[in-house]
Each structure stands twice: as structure tokens, then as C-alpha cells.
């Protein structure tokens, strides 16, 4: 089976999982959800790492871009998760 | 990425989708759900078709087994969906 | 072309997902089921036009025969025989899995004498013609195991559901056979996977026979009333077997669809176990509950001796005539008596008198999850009158008459009071809180759990003995004459 | 090894799923968020030990710099600045996406001068060194487009949320630029994909600049108050961009995780739109609501002229002293005034007097979904006191005092009465049903929708003008002195 179809299959299933789960998140938690998924979108860091650490095929420019990308994505991740954690730890039941 | 990992990924995601959806089915519909998914498990017919219709690599025995498998799976499918339909069409709101 | 085929399988899988999603409300369920059927049709069409399928005749013959038999069975079966029907279909599906695995083995064997390409056509992951990948060997054995166990296990379950096969006494013997079979199976699998993958005809045949026996021996020691759990579990397994076949054939449609079925079966199984407050291990390996807990007829009679307040259909009719609020509590006996239509008729009469009528549905009333719902739906009881346990329990206090129709264990107070009881911990319907409880059953025989029921000797309980349908019909007549 | 790496990505994806599942209840949310963080860590570790990564130094430098800045930002930000913070982080993430795509382009270019293997290392689907697959071209352009638009769009959104960028007037101009940019982009993409994939440095650079401009021009015409919708949509896009990168790199971890984020953003966006009873198209292309619907200062004054019953903190304190049941209705003004702690303090005092206190949370109160919840959680209001609209609405009838704190549109009866109103159809909180409504706001300025509010001139409404925090503190003092 070709790679594209496999990726598509995985994509479709992941969307289903996402929709099912997210729909269960109560409105109370929508702001943390937004900042939490925003942190998760920092997953592009994986692409950045693969791109910037490669073997002979990197150029100076690509490395600079890659490292900058890593730094930016990491800001997104670290700040995102920490901020979400700050918010969530405020939620208390009586 | 090797085939096995891809299949595993798809399997894992599909299980998540399944669990999320099935958990939402109300008890009222558990019997039809059981017979409906039972019909769906007749999907092995796909395997049977691929196995029994193959090119030069079939033997008489494998063809007989394959055709019997198709017949059995089709019983499961047809009876399963029809019975489920019969049950479901009885459910009426006041 | 290959991409199109795979797209077809993907679309079919997505349709299955939407089909099952449809099952989440009664309103969309009919459409959901149709969607699943369309998904199946699509999968079949895609499989038929798949690249390596050339002999259409055979396939079509198989499909036609299967459809004819299937349609006949579906038309014939009575609603009350649903548990048996599902079990039987499950067994048939298992048989198909088993045969697919066997055919695949034979074909790979043949193909390996032709060319690597021919083998890859069947098992895409192969790279060396002399060495099938480990996952193939395991998947073949798994398919055989699950298929064969499902086949024989389901038919034993059918026998037990019909009451034709009684609860086994020689549990130890079956357990010993199971253990030995598993040992032999493991040895066989190791030999098959490690030593000889393509020259093991006899070994495969032996394993098939062994697995068929295994299916019988696994299900025989389980109590007849636990069959729904067994069927649901086997259904889950057959889904997983489909997924395993998907791994071998590199077919994602099979993987996804199989997983959905697998998840559904597991969840239904765990719902049933939870509602009975028993673990799955206890159900499968604990032996028959009735056999263990059952009391002898004389003990049973002694329990009730002189404490029963008997009543009649006429008295019931009079009671109902003055009632403002009536709750029906259906149980397995309702299914046995096929009294759903009579129940509905009585309910309608009461409603016409301005009485508030509801039905209390216990999660494991009957012999299948949702059994009572289907039964009453057949009699056109609107599903919003069927109230779940947790919602209806507080309402019994304000109920004038609770009519228990062939239910027993699900209304047994011992579940909350007697830690020694086999059903201890199972939540029950609090019928005893109603002003008057009328229990309609044939005699004083225990229910599935084989224990006496204190409810029947309570002060506010009246027993009307007789077949549920008969009693209800008499009550209707009496009510008309009032 | 490759299998292990891929297993690592899969496990990380599963952890993300469980992490988001944790978000479904406040109790498990903290753990869920930690789980997601662990999943991210795992993904990073796996990526670092991935086969073709050799220069650890740079990677570690990037990670350290990013962590330091990120941690600093997270510690510094005030709870009330959350919307801006999320938007800014979103922009930063978009920038990363953009750079990843550019770096990937450069590397594939370099690799194509080395060997096919080198290219495959980067893009597994390649089979011919002279011809990159179409999906690669599209994914590169998509990543650039989404990344750049997210980057500049988010920062425009930050400016608008802070009020530093006002609502645009030259909407036509922006729209024209957007249309032209899209045409140019499509032409560029076609050229890139069809004609020259690996010698298009200038083209790529041009497209990046174009997309950055596009981001600005797409967001500028949207009203400032609609920024949360924009941010949520951009967040969804950045997830989808991640998934697109996954397609290119053949990385399922990216695909799954990106899809989860994409789904989350889309769902939140549609929840917001639904709660405002507007379509997404209307939000994105309808221009600023305030600009269209807004009435002039004089019209606004004329509307309220002589019909307002003014009151004071002292009077509010007296009212509250005698109240049995009080509902607080927080809105955007509460966030502006940072009055959450004062609110909580007043609520506690009332509770100590035996008064029943609740908070009515409208789904789009504030400027972000769940904005009020987070704000009040910061002041340690237990989340079971925060009641959703549909649940609280029937309770206003039995409420003595409803205190509207900096809310306006979400309590505007025009939403249900006046079909010409821009908020017509949006469900509102029925505060007017309370015995007395006290509205605390600075003056008579309209809210986000830019329309006057009939509630303020009702018979049972008292207006207390002033900053919400100030008024509440005065009320507390007055209540102590009573």
C-alpha cells in the first residue's frame, strides 16, 4: 500500500479521535484546552530537529533556520505547557 | 517506516475511535449494537475474496475453502444487518 | 489503481465509523446500520476489483449462497431468539475466519513454489521466499485459534442458551483439557513459526482440530446464563481476528474495521460484568454460578414455606384500577413467556385511565444487554418510557404498584444486604419501595443466580403464579370487566 | 532501530491522546497536561536519536534558548493577558513551521546534489532524484502559507486584543490585496510544483514574503473582538500544518498530533461561532461588527437619556444585605478591571451570611471560550459554582439580586427580540428575570457588538457606574460597615 494512502488513513483516524475527544471537553476548560493544544502544536519541533541535525545535506543557512525553528517551537511548547499548568492548577472544586 | 509499525499505528488509532464511539451507545441499543457489530465482523469476507480469487497460486482445496469462507461470512453479514435492521425499526419514540 | 483500491477501503472504514456512530441514538440507528451495510458492500466491491482477484464466478457463487441463507435466517428468527441468533452468526463468522486462514496458508504455500512476486501478492511484507515473516506465522495461527474457538464456542453457547446443553459438572476435566491444548498449541506455533512454515499441512490440520476442541472445552464449564458475556467476548475476538488478518494481508480496511468490532465487544463485555458486579475472570473461569450457589428444591421450598401471599389476576386488576402510577419491571421470564405484547396492551389500558406508566430496565435484565429494550420495542413501547435503573429507582417510593414480570435476580434485595450472596454488590431495582409489589412468575423457582428471593416474602409483595403472558391476558380481561 | 524510533513516535502520539482526554474533567486536567508535556519530551528525544540526526550541539542550543524564553514568558504573564499570550505563542509556533519548511526545502536542494539516498532520508517517498513528488511540493507551500499567515496574523491579533491596533476602515483595500496574493500564490505554487522544484530560491523567498503580508491583510479587516475566533482558527491551521509536515517527512507522530490540534481548533472555533450565532464566513469576511453596527456616541446617549436609574456601592451593599440568592454575571469588563478577587471576596462574605451565591457563565462572555472560568478559577472560585447558561437561566426567576459585572452583549435582550440586531439569535442570560438587576460598568459605552442595551433602562435595573474592581471593593467596605 502506498505511503500516501497510509498517511491519509492515519490522518483520517486521528481526526476522528480528535473530534470525539475534544467534543467531550467541558466549556470550563476551553481556555486551557486552547493553550494546551497550542503547546502541542509545537510538535513541529520534531520536523525542525530532523531538518537541522541532518548529515551532509545541511547548509549553513538551513542550519540557522533549523536552529531558529527549534528555538521558536520550544518557546511555544514550554510556555504553552507551563501557562496551561498554571491555569489548570487554579481550578479547584469546593 | 516499516509496514508493521504503520499497521500498528492504524490499529491503535482505530481502537481509540472504537472505544470513544461505542462508549456513547446507550444501553437501549446494546442488543442491536451487538448484532450490528457482529455483522460488521463479517468483514473477513474481504480476506476470503482476496484469498479465493487469486491468480495461479490457488489450489482446488484453497478455492473450496475460500468459497465456503465467503458463503459463511456472507451469511454472517446479510443475516446480521437484516436482523439488526428489524430490531432497530421497532424502536419508536412516543 | 492501487491507490484507488486503498482509497475504497479507507472510505469503507470511514463509513463503518459513521455507521457505528449512528448507533448512539435510537433515531439515527436505522440509518447507521444501513450505512454499515453500504460500507460492507463497498468493501466487497473493492475487494472483488482488487488487482489479484481473477475468478469472479466462485466469489459470486459464494456471495449468492451466503446472502440467500442469511436473508432466510434473518426473516425467520423470532425476536425472542435474538441471543441465540447473534451467537450462531458469530460462530458462522468464526468459521469464515478459520477457513480464510487455512486458505491463505495453502495459497502462500503454492505461491512460494511459483515466485517471490506471487507470495508478495498475498503477503506484501515478504522479502525472502524461503522465509515468511514472523508476523505472518503468528497471524495465521491467531486467526485459526480465534476462528475455531469462536466457531465451536459459539455453537456450544447456542446450545446452552436454548437450554439444550446443561451446566457442566466435570469442570476440572474441561480445565485440564484446556490447559493441555494451550501447551500443545504453543509448541505447535513455535514449531510452525521457527522450523517449518510452509510444510506443515498436518500440523495446521492438527491445530485446527485442537482449536475446535478448545472452543468446546472453554465454553462448556461456563454457566448457561453467562452465555451473553461469552458471545460478546467471542464477537470481540472475531473482530480482533479480522484485524490480525489485516496485518497479514496489509489491508487497512480490515485492520480498522476489525478493531472497531473488537472494541465494541470488549466494552459490551465489561459493561455486562460490571452490571453483575463480577470480574471477567470469574465469569470465564469461575464455573457456573447456579451450580455453585444453587440451593436444592427442598431448601428453596423451605425458604418460602408459609410466607407467601398469593394473589390472582383478578386481584391484580382491581389493584391496578385504583393506581395512579404503575411501573413494570420486566425480566428474563418476560422473554420466555413472550409477554411483551400483552404487557403493552395492559399498559395502554392503564394509560387510557390516566395512570402514569413506566418500565424499569435493569442493565442485565434478561440474557443480553439491552434485551428488554428490544423485546418491548417489538411491542411498540416507545423507548422514552423505558427508564434506566439509576433514574427510576428514586421513583418507586411514589409508585402505587410495581409489577415484576418474570424478573428475579435483578430485584433481589440480597444483592445489597447479604455479603455471602453470589450477586452481592450488584445494584438492583428498588421495587420493594413501591406501595404494592406484584410478582408474576410461574412458581418459586430461582432465577439465573440460583438463589431464593426475600422480596417474595415481604409484607407488601403479592405473588401471582402463572406464565407471564397468561396472567397479563387474564388481568386485561378482568380489568375490562370491572 | 527504525522500528523502535517509530514505536517511540507512536507512544508519544498515544500519550498526547490520553493527555487531551485528561482535559475532559477539571480533576484530571492537570495530569492530562503533564502527560502531553511528557509526550512532547518523548517525541523530542526520539527525534534527536533518529537515524539521520548528527549535530546535537545546535539542537541542544536551540532547545535551551527556547526553554529559557518560554519559561520566562510563562512565569511573567498575568492571567488576564491569557488571550494575548495564546495568540503570541501561536504566532511563534507558526514562525517555527515556516522555518522548518524553508530549511527542508534548502536541505532537499542540497541533498539532491549528493545522492538519491540523501534525499530519501529527508523525504521517504522520493523515487527519482530529479523529480520530487507532487505531495512534497504542495506540503512545502502549505507549510509556508500556514506558517507565515499564522505568524503575522497572530501578531496582528495580539495587537488588536491589546487594543493597540484599532478596527480597520479600509476593508476593501485589504480584501483586494488578499485576492491578489492568493492569485500570485497559486501561480507560484503551480510553477514551483510543475516547472522548477529545486531551483526556486527566489520564488520561495517571494512566496514567504507574500504569505507574511497575506497574514496581516487577512486579519486586519476582522473586528478586534473577533480575535479569539481568529486565534483558535490559526491554532487549528498550525496543527494541520504540522500534519502536512508529517506527510512530507513520512512521520506519523506529526500526522496524528497535528490532526489532534487541528480538530481541537476547528471545534473551538465552531463552538464560538455558534454561541455568537454567526457563521465563520461572517466572522472572517464580514468585517468588524462594531464598525458596521456601532452607533455614534450621541445616538448612544440619546438611547439612555433620562431612563437610567443610577445607584451606588452603598445602595448595592444594602440590597445584598437582605438577599437570599445572588447570581454574579461576569463579562469582559471583569477581565479588564481584574476584579475577580474582589468578586470572590464579596461572594464569600455573602455566603457567610447564609446567602446562596452562584456565577452565571455565558459561553462567549469575555474574549475567549472559557475566559471567565479561568479568571474566576484564579480567584479560587470553586468550579462547581460556575453554572452554564442553560442550567442557570431558569434560576433567575428565584434570584433576589443579579450583579452584572462588566458584561453587556451577553445580557442584551435585543438578541432575542430585535431581528435587526447584529447579535440577534444569540442565546443570552435572562438576568432581567431577577428581582433586582445591578449593572456595574464604567459608563454607558456599548460592548463588543457596539449596540445599546435595553436591559440598562429596565424598571428593575440599577446602574452602578465605575470600574468593576473599585465598585466591588466599595461594596465590601460598605457591607462591613452595615
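Order of writing sets the chain letters: A, B, C and D. Residues in each chain are counted from 1.
Simple rule for what comes next: contacts are C-beta pairs under 8 Å (C-beta built on N, C-alpha and C of every residue); 3 or more make two chains touch, one makes a residue touch a chain.
Predicted model, so just to flag it, every value in this text is computed and none were measured.
Simply put, of A-C and B-C, more C-beta pairs touch at B-C. Centroid to centroid, with C-alpha atoms defining each point, subunit A and subunit B lie 35 Å apart. Work out the mean CA point of subunit A and of subunit C, and you get 42 Å between them.
Centre to centre, using the average C-alpha position, subunit C and subunit D are separated by 47 Å.
We define each chain's centre as the mean of its Cα atoms; on that basis subunit B and subunit C are separated by 16 Å. For subunit B, the set of residues that touch two or more other chains comprises 4, 6, 9-10, 13-14, 16-17, 21.
Under the contact definition stated at the top, the residues of subunit D that touch 2 or more other chains are 13, 17, 124, 250, 252, 256. Viewed as a contact network, the protein chains fit none of the simple shapes, being neither a path, a ring, a star nor fully connected. Pairs of chains meeting the touch criterion: A-B, A-C, A-D, B-C, B-D. Residues 3-4, 7, 10-11, 14-15, 17-19, 21-59, 61-63, 65-94 of subunit A are the ones touching subunit D in the complex.
For subunit B in complex with subunit D, the residues that touch the partner chain are 1-2, 4-6, 8-9, 12-13, 16. Remark: subunit D residues 2-3, 6-7, 10, 13-14, 17, 124, 250, 252, 256 touch subunit B in the complex. Here subunit B touches subunit A in the complex through residues 6, 9-10, 13-14, 16-17, 20-21, going by the rule given at the top. Against subunit B, in their complex, subunit C makes its touches with residues 9, 13, 16-17, 19-21, 23-27, 29-30, 32-34, 36-37, 40, 43-44, 46-48, 50, 52-56, 58-59, 61-63, 65-67, 69-71, 73-75, 77, 79, 82, 85-86, 89-90, 92-93, 95-97, 99-100, 102-104, 106-108, 110-111, 114, 118-119, 121-122, 124-125, 135, 231-232, 235, 238-239, 241-243, 245-247, 249-265, 267-268, 271, 361, 363, 368-371, 373-374, 377-378, 380, 382-386, 388.
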